[in-house]
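Okay, so subunit A shows up in both of these, paired with subunit B first and subunit C after.
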Partner chain A sequence: MAESSAGAAETRPAFRARHTPSFWYRLTNSEAVLALVCIAPATLLLLFILAYPVIQTLAFAFYSRDLLKAELGTQFVGLANFAWLLDYDRFWLALQNSVLLTVVTVFFELAIAMVVALMLAEPFRGVGIVRGLFILPWAIPTIVTAFVWRGLFSPRYGLINQVISEVGRLVSGPSYQFQFDWLSNSAFAMLGVIIVYIWRGFPFVFLVLLAGLQSLPQELSDAARIDGANGWKEFWYVTLPQLKPVILIAVILRTITVFNWFDLVWLLTGGGPQNATLVLPILVYNRAFVAFQVGRASVITAVMFVILAILTYFFLSQQRDEEHAR
Partner chain B sequence: MMSRARFTRRAYLRLIGGTVGAVAVAGLATACGTPPAPTATPAPAAKPAEKPAEKPAAPAPAAQPKPAEGDKTLVYWTFMPTDQRFAGRKTLFPQWGEKNKATIQIEDVPAGNPFNQKMAAAYAAKLLPDLLDPWDSNATISFASQTFIIAVDDLVKDIGKDDFFKVGLDFGTWKAKLYGIPLIGWPHLMHYRKDWFEQEGLKPPTNWAELLDVSKKLHGKTKDGTQIAGISGFFASIHAPYMFQDYVGPNSGYTFNEKGDVVINSKEVREALTMIKDLVPYFQAGYGNMDYGTTRTQFVEGKIAIETDSTSMANVIVKTKPELGAKVSSVLLPFGPSSKKDRSGFNGISYFSIGSQSKYTDLARDFLKWFYSTPIYTEAFMTYDWGLIPERRSVAESQDWHKKVPEQAKPIIQAGVKAAELSTFPGQDFGVNPIANKLLADDVYRNLLQKVAEGKETVDAALKWAEDEVKRIVKEN
Partner chain C sequence: MLATTYRPVRFRWRYVRIPVAAVLMVLYFSPIYWMFKTALQPEHEISLNAMNLFTPSFTLENFARVLSEPRFFGWVKNSLILAIATMVVAVLVSTLAGYSLARLRFWAVKFLGRPFLLAYIVPSVMIVVPVFVTFAGIGWQNTYHAIIITYTSFAVPFCTWLLRAYFLTLPTELEDAALIDGCSRLGALFRVIVPLAAPGMVTAGLFSFVLAWNEFLFAFVFVFSDDMRPLSVGLMATILEAVYGSSADLSIFKVGAMFALCVLAAIPVLLVFLFLQGWLVRGLAAGAVKG
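After this line comes the complex of A and B, so read on.
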């Protein structure tokens, strides 16, 4: 060892000349190549099943294709579809409705799920059954959810109006009857849709938060309590900060889902009344499968994709910044 | 240490490299090698040829059975489920098959997007069906414009063009060529509870003044223990255009004139919308989000006195509530004050077409000629569900068929045949108009009805809005 150290300066060039590793040796011993080879199958698969359709959809945004005028074929129209979109008042209305629906739904899902998760985080007798019941709405098929809620909102026979009627009878007399068409009234339809979205979606957030809560170290909470923190302070200063990464993931996933959710709102209101619940996925559906305009449907999809990509990047960068700060 | 010695990183990379290389060599060899001998069947999953009609749905366009020696198989995609709606195919089609040494292989495909997607995929794979029945005019025209189906003018001429209802021919025509032979129609009618009308001393309305009057008199009455609604309203996105047309058509109103100019803001349409507005208090609760499938259910359950709906009501009564047959009757939609009585409400019409990639075009044409011959077409309607109107006038009006129609369905069928002559389509008043689909995509008719019904705007203001919308959409397209 000492010998080699002493003579290192003189011997290194000669050694290098004789022992420069071959290209093949470097290739087969490279960490980077190994990493590339390991992730290549998954990457190729993802490229095929995810990137290809996305790129094709984005590409279609620059083409005009009307299936009812198929003889015109597919024509490159540059930014014409984008120009059309900017002038299309229903797009702005749908965007506004989509943002409202997503923000309100995700906020309340998070709030309700947090309360329920905190209540059910600690074990008690029958906790499994109670947790199962809270997860139930998530397991019900969308079509069943839609028809059950349409029934509940039904103006004449719906449970909601029946309950209000019963209360009204106690106050105003036995002849009182409340009949309100929740989903057909342009002022209330969005509220109805939001309620159903929250009901259907909060179990997922609840599950994510519950898993997060159960993985938190108990020591910090114990220490906070010893230091005299009450329940609220313990939650605000100890539990919530630790849960932040989990919350962020739940918010990202739910934002993407709610923003792209088509079937539930379609089955509940079809985007009406008077476009009160018209959201971007309905706009895409109508453009692609009613108007048969593939290019214009694609341009709306492209905008949705960009919005969600920016939002996801924003959320993830928040998380990264926090991790760096720690 | 042992495992590291046995399976090093280098060994791993060699393994991967070797595998990739082997796959590449094998791929090259396959690509450059001798092609496999051509086979008659492109699909591995062959169905038994002797029982073609018993398979309820085909999983993929490629799933065609190998025909028997000397036999030819014509693949037929239909949106009308065989077992539920046209069981007679199973007995009728083999009659033709035996004479022609051919088999009609029936595959049920749901109407709408599943059918569209399957057609597009099959076209790309050169596996279009030999025969198909596009479920409506839009589907026919869409398939025609994509060259999925071929023109059938000469075939219809041979069968007897004058015998078909003109509306059916007009709406299967694209660029002056007919792409589907009109098959069945289900025009809209006014169905009403005859027993309740008699109890109240009312007569079925023939005009709007009478319609408003009877709706008003019946609304809120208690019948069979249920508080009933006077008349049905259906504003759900999917059916609102039909509701619009059920009032605008019978008042001789149009969205476009013959030259394609926007004429929706007219006296006739204004009167129709005013009528709908006047009827709103007598609609069933929840009309704003209902389709006419739901109002039909409510009518059958005794919750609505008058229902605007298609002739399919006959099948519902015959098969699910035969006892209602004596209590229900049907008439043409009442005419409005400006009506020339030459137009009525909506009609759904389906067609029979030939796929453009068929290897057996002559055989397919022969089959259609046979199918549309008076005795076979009449027999077919004895096995269709009750409530579908034949598109050949001679069959629709034939006593042979009417005699076989169950008693409960007779008033509906009789009125339906009259309505088939007068039927109309929203936005397509003078034949096929692709702009109509754009109006549907932007929910123009539904929004118009909702504006009128909510009453926040006057009918004039709502109509002006609709006119501007239609003009905008025309300009954009």
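After this line comes the complex of A and C, so read on.
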């Protein structure tokens, strides 16, 4: 008895010493330090690659910088670039085209992806392969997508003209040949670009919605059906409200991507014919890399940035309201 | 018993959805079908403008022509290097960041995490020049690591968001058990969390791999030497030369061969997607719910 209490008295100081940790121990075992160290690589990457160029771009919107007139250098011009933009007809045309392209593309992507996701949410034999097939366009490089679709729309060997020709041959004899250059027609070019955008963007929306549908609890749907809801009512009043956060995320990401999408439309039409598919990213490219007017390209970028920032803030606040409502 | 008694509505829907899905699939796959068909068609049929929806004469001559082009294998090798490196770095960086956001409690981290997805509102056209100038300033022009860092920074916001959400769905008890057993926090992350988060990790990895494999604008601007070009840039150069150039003496620049090249560029990723789609859905499921 006495021995053990003496032992306890002896160990107490040692016990205290071990739990008054050194500075180094606290540094290496602190959750705050570990949290910062873990997030540092990602943050530094984004600061270096994204934040710095953005700040530079926003700053250049207030300067005149013409690479073809290098002797003028970089001059501070205040709001002159913004004044130029207000009078620049092509900007308003491109803004109109961009908004049209984004709204129509995102809406139809969502609508079609919702139908397909609902059809493929419940398992049947071979569902994995069918789902896998529906996300294939995501895996095809942009350059291949543009090339194949240009071929599909092409007047000489395009699939669309071939199908019309086949039907025409059945109707009016074997010599019928349909030739129409879809992407060179200013009335159809935008529609063509929208179709390609939907085709290419569909897989991501489909996957997100499918994942969202699969993680919904089954109980609410079952309850609705017991209460006598038909398929449509069950979808509209039970499934859709539960999916709202997922749909919001899909809309945010797709709106941003489509609004900023440069390479696909550039490779498909280059903004033509007669500026029918001129969108803001193409306008930026033409100002910066064809006309070499960095200041003016920056002011267009700044406007795009502000539009997207406002939209994203609006969508995110919607989502936050959702979270509070629960 | 109960499950089968109140499903008459579902039952009719099941008969409708298969034909509807079939029609949608035919429309949706016609471009891919057409790409494969043209790649398998003899060149003279394409150039004679005598093409039909279904070609009776299949040939592999277009593929043979692409595979006899020595530059093709160089492009594939370069694309693989870029895509695999991007995948590894992006997943590692995003795992750490996602873990930090999901599990470690520190006010600054919450503050840093919010704007991660906002990175996507930056139009890529405009950052090509500043990023290129920065890399040229430190002597990294025409190098792979500049491209890998750029691609990684494009993949990281989405992957971090996805992995953070996935980590949030895992029970903390397993991690606590590992910590009590004497594991460090990072040890717990890599030995307990990472194996459990496999669907999320696979999804993040696929997303980064596809992004790097398909991207061409930055690779086009950053790489000048011919032997360092990835497949996407090689493809674009080939197509541009075929459409606008006069170098018709090179046998690869034929329509059929270009389609064969397109098929070969798409096939590796197509196969990966077909086999891993179940993982993709599971990986996104967590992210989609948590937002």
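What we mean here is this: the second predicted complex is superposed on the first by the 275 of 326 C-alpha atoms of A that agree within 3 Å, B and C clash if a C-alpha of one lies under 4 Å from a C-alpha of the other, contacts with A are read in each partner's own complex, and residues count from 1 in each chain.
What we mean here is this: a residue touches a chain if its C-beta (ideal position, glycine included) is under 8 Å from a C-beta of that chain, and two chains touch if they have at least 3 such contacts.
Since this is a predicted model, take the numbers as computed values, not measurements.
Visitor: With both complexes superposed on chain A, which partner does A:Leu34 reach: first (subunit B), second (subunit C), both or neither?
Guide: A:Leu34: touches subunit B and subunit C.
Visitor: Could you look at A:Ile256 and tell me whether it touches subunit B, subunit C, both or neither (first, second, both, neither)?
Guide: In the superposition, A:Ile256 touches subunit C alone.
Visitor: I'd like to know which partner A:Arg90 touches here: subunit B for first, subunit C for second, both or neither.
Guide: Once the two structures are laid over each other on A, A:Arg90 reaches subunit B alone.
Visitor: With both structures superposed, pick whichever of subunit B and subunit C touches the larger number of subunit A residues.
Guide: C
Visitor: Just to be sure I read the superposition right, which of the two partners does A:Thr142 touch: subunit B = first, subunit C = second, or both, or neither?
Guide: A:Thr142 contacts subunit C only, not subunit B.
Visitor: First (subunit B), second (subunit C), both or neither: which does A:Leu183 touch?
Guide: In the superposition, A:Leu183 contacts subunit B only.
Visitor: Name the contact category of A:Val106: first (subunit B only), second (subunit C only), both, or neither.
Guide: neither
Visitor: For A:Gly271 in the superposed arrangement: first (subunit B), second (subunit C), both or neither?
Guide: Touch status of A:Gly271: first partner only.
Visitor: Output the subunit A positions appearing in both contact lists, the one against subunit B and the one against subunit C.
Guide: 34, 156
Visitor: Which residues of subunit C touch subunit A once you look at their complex with the stated criterion?
Guide: 6-7, 9-10, 13-14, 17, 20-21, 24-25, 28-32, 34-35, 38, 46, 49, 51-53, 93-94, 96-97, 99-101, 104-106, 108-109, 112-113, 116-127, 129-131, 134, 149-150, 152-154, 156-158, 160, 185-186, 210, 213-217, 231-232, 235-236, 239, 255, 258-259, 262, 265-266, 269-270, 272-275, 277-278, 280-289, 291
Visitor: Per the contact definition, I'd like the list of subunit B residues that touch subunit A in the complex.
Guide: 9-10, 12-14, 16, 112-113, 116, 138, 141-142, 145-147, 235-238, 284-289, 434, 437-438, 440-443, 446-447, 450-451, 454, 476-477
Visitor: For subunit A, which residues count as touching subunit B in their complex?
Guide: Within the complex, subunit A touches subunit B at residues 27-29, 33-34, 37, 66-71, 84, 90, 150, 154-156, 179, 181, 183-186, 269-275, 278, 286-287, 289-293.
Visitor: Mind pulling up the subunit A residues that touch subunit C in the complex?
Guide: Against subunit C, the touching part of subunit A is residues 31-32, 34-36, 38-39, 41-43, 45-46, 48-50, 52-54, 56-57, 112, 115-116, 119-120, 124, 128-144, 147-149, 151-152, 156-157, 159, 162-163, 166, 199, 202, 207-212, 214-215, 225-226, 230-231, 234, 245-246, 248-249, 252-253, 256-257, 260, 262-263, 267, 280-281, 284-285, 288, 294, 297-298, 301, 304-305, 308-309, 312, 319, 323.
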